[in-house]
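So, here come the structures, one by one.
Presented sequentially are two complexes of subunit A, the first with subunit B as partner and the second with subunit C.
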Partner chain A sequence: MTTETRPEYSSVGKRETRIEGAGKVTGGAIYAADVQVPDMLHCKLVHSPHAHARIVSIDATKALAIDGVERVIVAEDFGQAVKDGSNPAIDASNRGAALLAHKQAVFTGEPVAAVLAETPSAAEEGVEAVEVTYEVLPHVLDLEAAMEDGSPLARPPVSDIDHSEEEAHVTLDVDTEEAEGKPTNVASHVSFTRGDIEAGFAESDVIVERTWRSASMHQGYIEPHATVADFKPATGELTVWAATQGQFMVRDTIMRTLKWPETKLRVIGCELGGGFGGKMTLNSPLVAALSVIAGRPVKLVLTRAEDITAAAPAPRAMINLKTGMKKDGSLTAIEASVVYGAGAYPGAPAAVGALLGTSFYKWPNLKADGYEVLTNHVSVGAIRAPGTHNAMHAVEQNIDEMARQLDLDAGAVRLQNVSQTGDPMASGQEFTKIGLDETVTQAIEHPLWKNREAAKAESTDTKMVGVGLAIGGWLGGLQPAAAEVMLNNDGTVNAVTGVNDITGTNTSFAQILAEELNISLDQINITTGDTKTAPFAGMSAGSKTLFTVGRALREAAIDLREQMFEVAADRLEANENDLELKDNAVSVKGSPDQSLGMDRLASMTTGFGALYKPLVGSGSIAARIQAPGFTAQLVKVEVDTDTGNVELKDFAIVQDVGFAINPLSVEGQMEGGAVQGMGIGLWEEYIYDDDGKLRNAGLLDYRMPTAADVPDIESLIVEVPSEDGPYGARGVGEPSITAGGAAIANAIADAIGARVSEIPATPERVLRALGTVGDGAEAAGS
Partner chain B sequence: MAKQIFTLNVNGRDHEVYTEPNQSLLEVVRDELRLTGAKEGCGTGDCGACTVLVDGRIVTSCLVLAPDAAGREITTIEGLADGEKLHPMQQAFIDHGSVQCGFCIPGMILSSVALLEENPAPTRDEIRRGIAGNLCRCTGYRKIVEAIESVAGS
Partner chain C sequence: MRRFDYYRAISVDEAIALLNEHGEGGMLLSGGTDLLVQIKEAGLAPAYVVGLSGIDELRELRSNGDGLHIGAGVLMHEVASDGTVQAQYSALCDGAGVVGSRQTRNMATVGGNVCNAAPSADTGPPLSVLDATVHVAGGGGTREVAIDDFWTGPGRTVLDSEVVTHITVPAPPANAGSFYERHTPRQIMDIAAVGTAVYVELDGDGNCSQARIALGAVAPTVVRAPAAEAALSGGPITAARAAEAGRAAAGEATPISDQRGSAEFRTHLVEVMTTRSILHAAERAQG
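Right after this comes the complex of A and B.
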């Protein structure tokens, strides 16, 4: 759906297959774990078996006696790797600095020692032989208990909370208050208010107040974390091959942690086997430090169990939500307490949840508090639109329930109340141009929504059918970016960027160059350079790869075109304004015989004695205007009331992408995110025992959707152009995950007339909602 | 553990391997033969990223001891194309936008090829069940199913 007329484009906006697709279907693409360096040591980690324990001693004697084991490194050793001899791991209160646990381990699976050996199997043997003596300390796992006065502290008080991962995804104009005074497990608190909530609730015809929970989950990338670092003592050069969404972030983190000069540090972002927010810097500083200490290359590839247990999953949330509505469907007030479990190091998206959970609708009165609470679980990281799916699950169930109690159409109620361009968010900051209204409009016109009564009529005694709707969205990240485009001697074009292509962004980049230079895709090559060869670009995160680097490339292409025109104007004795770039040549408009081929032009800038300078187009942008992307998602479910099993029958995702530069890859992003939302809604959950040990640290028990679990997804692209994105594009990657869990919960409620208060909606939780198991406390409504 | 010598036939070529007998087929193919197309996503046979064909049947190579594959015909993703010419399934995955990060793709393509060998005209549901042992986190599966369907229908 195009809502504004737009120019005719020759390349952008067309469905294109990936320009580098052959490497990934033939096994030729190189991922970090594929890298082998001569004389390389293999690293395996010793993990704490306790959720909270003092490390009394670490004895490596037996490990070092094993054939092939070279070194056993502990936290105290890292001073050897840091330029000024300081040691970041000592008393580290941020996960990034805690290369290995120092003095105490604060979650089960926290690495306490690193074994370096000639082979992976020798390293594994070494791990078994390292003797660590622990003194077990009291732990805290429950979020509510952790917030109580007198709760055991999950860890020593923290300082300097590191929000760099969250900020990589979103730019928030919000001040977060870090905990001060008496030590507590509440690491940070953020608060927003507007109007008078008591007055708002007083004029409500219905008030719904519920507590909603959503589980901690893994990002689900199929490639476990992997890093290879190669330090050359003679030259002082450090090279790192990393499985990361952001090679420059890895570089900067190693620089800060090890005080290593960036002139001596090359980070190569390999092909990445999925990130979704989970592949930032995790082990890179550790492996870099190990290589410096050992004076040899070191490789660390996490096992799947390690990756699930001890990488950086997405947080669980507990959200108490009170909302009011009038009979005419207008909203009156929202009061939200949004609690995210950070795990044992701070960094959970409390501000995101409190802000986005209360900003997508026009609430005249609001009070929102976001809390980040420490417990003895693995510390959390980002996931696609970090924190948002948790918040939308709560808000969208409340909206749905209020509409149901007032006998209003839940779709029309949403359309009536969603935020518009210029409306204030909870923080007071105004929305830039957005297409939430258009997105909801398209969703409620969809047959899946319009025919929901007919769908419900398909129900039998034990198979109840329902349809659910939910909205979601993401503000999008902002980060500067640069790019270079060079005219080759044969008239083709090479471009270099520093951003890692995970999902096909290089193809969209090529489309941008093809558009601006009026050439075909096969005349363009996009190279992802490393941190020593590429101009700066931010991470492939925050839905901003194309939004920022695409703009820089477009500027670079325009710059190159202008330089070509300058040469051609001189050669053809024409005015630059009379020139056009067409059919691989610069010619005078209307006089095709006055023309200079791009190959000929290029040779005039490179040959011996050539008169003109080489042509290199540069683009460099600062990104300041966000382009929020919204989604509305529809799902039809069938609930087996005997077993509690929920089957997904149909799914549609509507999303405003601003402008789809490559609709094929845009659909891929929408479908992939939607299926992750299905995992959130029905299956994916970290399950811990009372000692804080993860019970499902494998892909059999941590259940991600398979092809057989999910229906075909219908993707409906809405295009409300953004103000600042290339050709009006918005960020696409993240909104798609934000609404599926909520839509499924609403569909279940539509089917069975009762709400699950916690997702994933496992069979047990569905049966509890039905009152057929448990105490039947979770009846319909509030 | 004492190393052994044995011969693996991979992609039509015999390779003499000298390695510990407790090495998995995946480890030997990746680390000794340097064919890194097969990936390790879990090491427990749950994700399918390590899928290879042994005598034409799909196998999660992380669960097979390498010496047990001696004397069999092993096909990895590197052996599927005919020189420059991609296997129709490889081409279909490109044409349908079925590839994002690509980590699951070698295993996914081999499973898809084996599926059509066994059932040349599968329904959409049969395709979905046929690749249920291969996890993909990026695509949502739809474009993969469409790619397989296009090869089956051609």
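Right after this comes the complex of A and C.
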């Protein structure tokens, strides 16, 4: 759906297959775990078996006696790796600095020692031979219990909260208070208020108050974390190959942690086997430090179980939500207590949850509190739109339920109340130009929504059919970026950026260059440089890669074109304003015989005795205006009321992408996020035992949907151009994950007439909501 | 993965000799879809591994009027796609056809599934209701073990430095039918939270003359449900009698609570799934 007329484009807006695809499917792509360096040691980590324990002693004697084991390194050793001799692991209160646990382990699986050996097998045997004596401490796992006065503390008081992962995804204009005074497990608190909520509830015709829970989940990347670091003692050069979404963030983190000069630090972001917010810096500073201490290259590749257990999953949330509505469908007030489990190091997106959960509708009165709570679980990291799916699950079930109780159309109610361009968010910041209204409009005109009564009529005695709708969205991140575009001697174009291509962005970059230089894609090469060779670019995160780096490349291409025109104008004795770039040549408009081919032009700027300077286009941008992207999603489910199984029958995702530079890639992002939303709704969940040990640390019992579980997905692109994005593009990657879980929960409620208060909606939770299993306490119903 | 010695046997006798020679701590490797994953990811550290894939006689799948012979090394895919198994031993086809993924079924063997002795094994309840016999060879010769006596606990069997050579299943009469289903949250690549297998024989009046019901994943081993069998036998297979047998089966299950579901949930599933499986098996018997 195009909502505004736009120029005719030659390249952007066309469906293009990914330029790096062939290398990936033929095995040619180099991932971090593929990197082999001569004389390399292999690292395996000793993990704490306890959720909370004091480390009394670590004895490596037996491990060091094993053939092939070279070193066993503990937290106290890291001073040897830091330029000024300080040790970041001592009393570290953020996960990034806690290279290995110091004095106490605060979650099961926390690394407490690193074994370096000549082979991975020897390292593994070494791990089993390291003798660690622990004194078990009281642990706290439950979010509510952790917030009570007198709860055991999950960890020593926090002095420094690292929100860099969250901030890599979204630029928030809010102040978070870090907890002060008596130590508690509440690491931070954020609060938003507007109007008078009591007055708002007083004028409501219906009030729904419920507590909603959503599970901690893995980001679902298939490639486990992998890092290789190579320190050369002779030169002081440190080179790191990392599986990361942001090589400059890895560089800067190592610089800060090890006080390492960036002139002596090269980070090479390898081809990435999935990130989804989970591939930031995790083990890079550790492996860098290990290589410096050992004086040899070191490789660390996590196993699947280690990655699931001890990387940085997305947080669980507990959201108490009270909302009111009038008979005419208008909203009156929202009161939200939003609690995110951070695990044992702070960094959970409670501010995002509190803000976005109360900003997508026009609430005249609101009070939202976000709490980040520490427990003895693995600390959390970012995920695609961190924190948002948890919040949307709560808000969208409440909206749906209020509409049901007032016998209103839940789609029309949403359209009536969604935020518009210029409306304030809960923080007071105004929305830039957004297309939420257009997105909801398209969703509720879709046959899946319009024909929902007919769908329900397909139900049988034990197979109940329902249709659900939910909205979601993401504000998008902002970060400066630069890029360079160079004219080659044969008239083709090389470009360099420093941003890791995780979603096909290099293909879209090539389309931008092709558009601006009026050449074909096969005349363009995009190189992802490393942190020593590429101009700065931010992370591939926050739905901002194309939004920011794409702008820089477009500027660089325009710069190159202008430089070409400058040479051509001199050569052709023409005015620059009379020139055009067409058919691989710069020509005088209307006089095609007065023309200079790009190859010829290039040779005039590079050959021996050439008269003109080499042509290098530079683009460098500051990003200040967000371009939020919104989605509305529809799902039809069939619930087996005997077994509780929920089968997804049909799915549609509508998303405002501003402008789809590569619609094929945009649809891929929409479908991928939709599938993750299905995982959130039905399957994906960290399950812990009472001692804080993860019970499903494998892809069998940590269930991501398979192709057989996923229905056809219809992707409907809405294009409401953004103010600042290239050609009007918005961030595309993250909005798609935010609504699926909520839509599925609403569809289940539509089918069975009872609400599942906790997602994923496993068969057992569905039967408990129905009252078929359990004492009926869970069957609070709708 | 820990280092271990690997021996590849080319005959059953050689495999037995290797087990006797190297003693405790050895593991037999058939398709490897359970064992290798446990070694690589779950910390299993066998002292040594004896590979069976080079033993041709373990790969034989044949049937005649007396019954079915399944070599221990026959693949899940081969069993599930065999016309005779599909027609006469349907529950086994149901079970073998849902193990893991397509890739798993092209590697995994029936013998491996039985010897791994998981209570959730998808060929377990079908082989139980089809009255299978496990044929075992060891240093002292060969012996036959009824399938219901073969498993002694989760991951434990009666094997003692022995190798399973094949499994036999008696041919069912024409008026028999069998069915297996499992409950998994996902459609594929999953493991049974509950599995139910039912075998019924109908007499000339359409009454159930023989019923065998087995449950997976709700006890330390695959178990039969004799009270449910008794409730079903001797009368017509109606929805009401099937439901009564289902309730009886639920009373015979002793599930644990784990990451695949609570005991309460699994007990409920035993009831509804046994009921459904009885009706499906009866349809096949009439078919």
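Note that the second predicted complex is superposed on the first by the 777 of 782 C-alpha atoms of A that agree within 3 Å, B and C clash if a C-alpha of one lies under 4 Å from a C-alpha of the other, contacts with A are read in each partner's own complex, and residues count from 1 in each chain.
The rule is simple: a residue touches a chain if its C-beta (ideal position, glycine included) is under 8 Å from a C-beta of that chain, and two chains touch if they have at least 3 such contacts.
Quick caveat: nothing in here was measured; it's all calculated off a predicted structure.
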| item | value |
| --- | --- |
| Winner by number of subunit A residues touched, once subunit B and subunit C are compared | B |
| First, second, both or neither for A:R18, with subunit B first and subunit C second | first |
| Which of subunit B and subunit C A:G774 touches, first, second, both or neither | second |
| Which of subunit B and subunit C A:P763 touches, first, second, both or neither | second |
| Touched partner set for A:G27, first subunit B, second subunit C, both or neither | first |
| First (subunit B), second (subunit C), both or neither touched by A:R571 | neither |
| Which of subunit B and subunit C A:K259 touches, first, second, both or neither | neither |
| Which of subunit B and subunit C A:R600 touches, first, second, both or neither | neither |
| Subunit B versus subunit C as contact partner of A:T706, first or second or both or neither | both |
| Touching partner for A:I222 - first (subunit B), second (subunit C), both, neither | first |
| Subunit B/subunit C common contact set on subunit A | 121, 303-304, 698, 700, 706, 708-709 |
| Touching residues (chain side subunit A, partner subunit B) in the complex | 15, 17-18, 21-31, 33-34, 36, 121, 219-224, 271-276, 301, 303-304, 502-504, 664-665, 667-668, 671-676, 698-700, 704, 706-710, 712-713 |
| Residues of subunit A touching subunit C in the complex | 120-121, 124-125, 303-305, 642-645, 682-683, 687, 695-696, 698, 700-701, 703, 705-706, 708-709, 762-764, 767, 772-774 |
| Touching residues (chain side subunit C, partner subunit A) in the complex | 1-3, 40-42, 101, 183, 185-191, 258-262, 264-265, 268-269, 272-273, 276 |
| Complex contact set, residues of subunit B against subunit A | 20, 22, 30-31, 34-44, 46-47, 49, 76-78, 80-81, 86, 90-91, 93-95, 97, 99-106, 109, 124, 127-129, 131-145 |
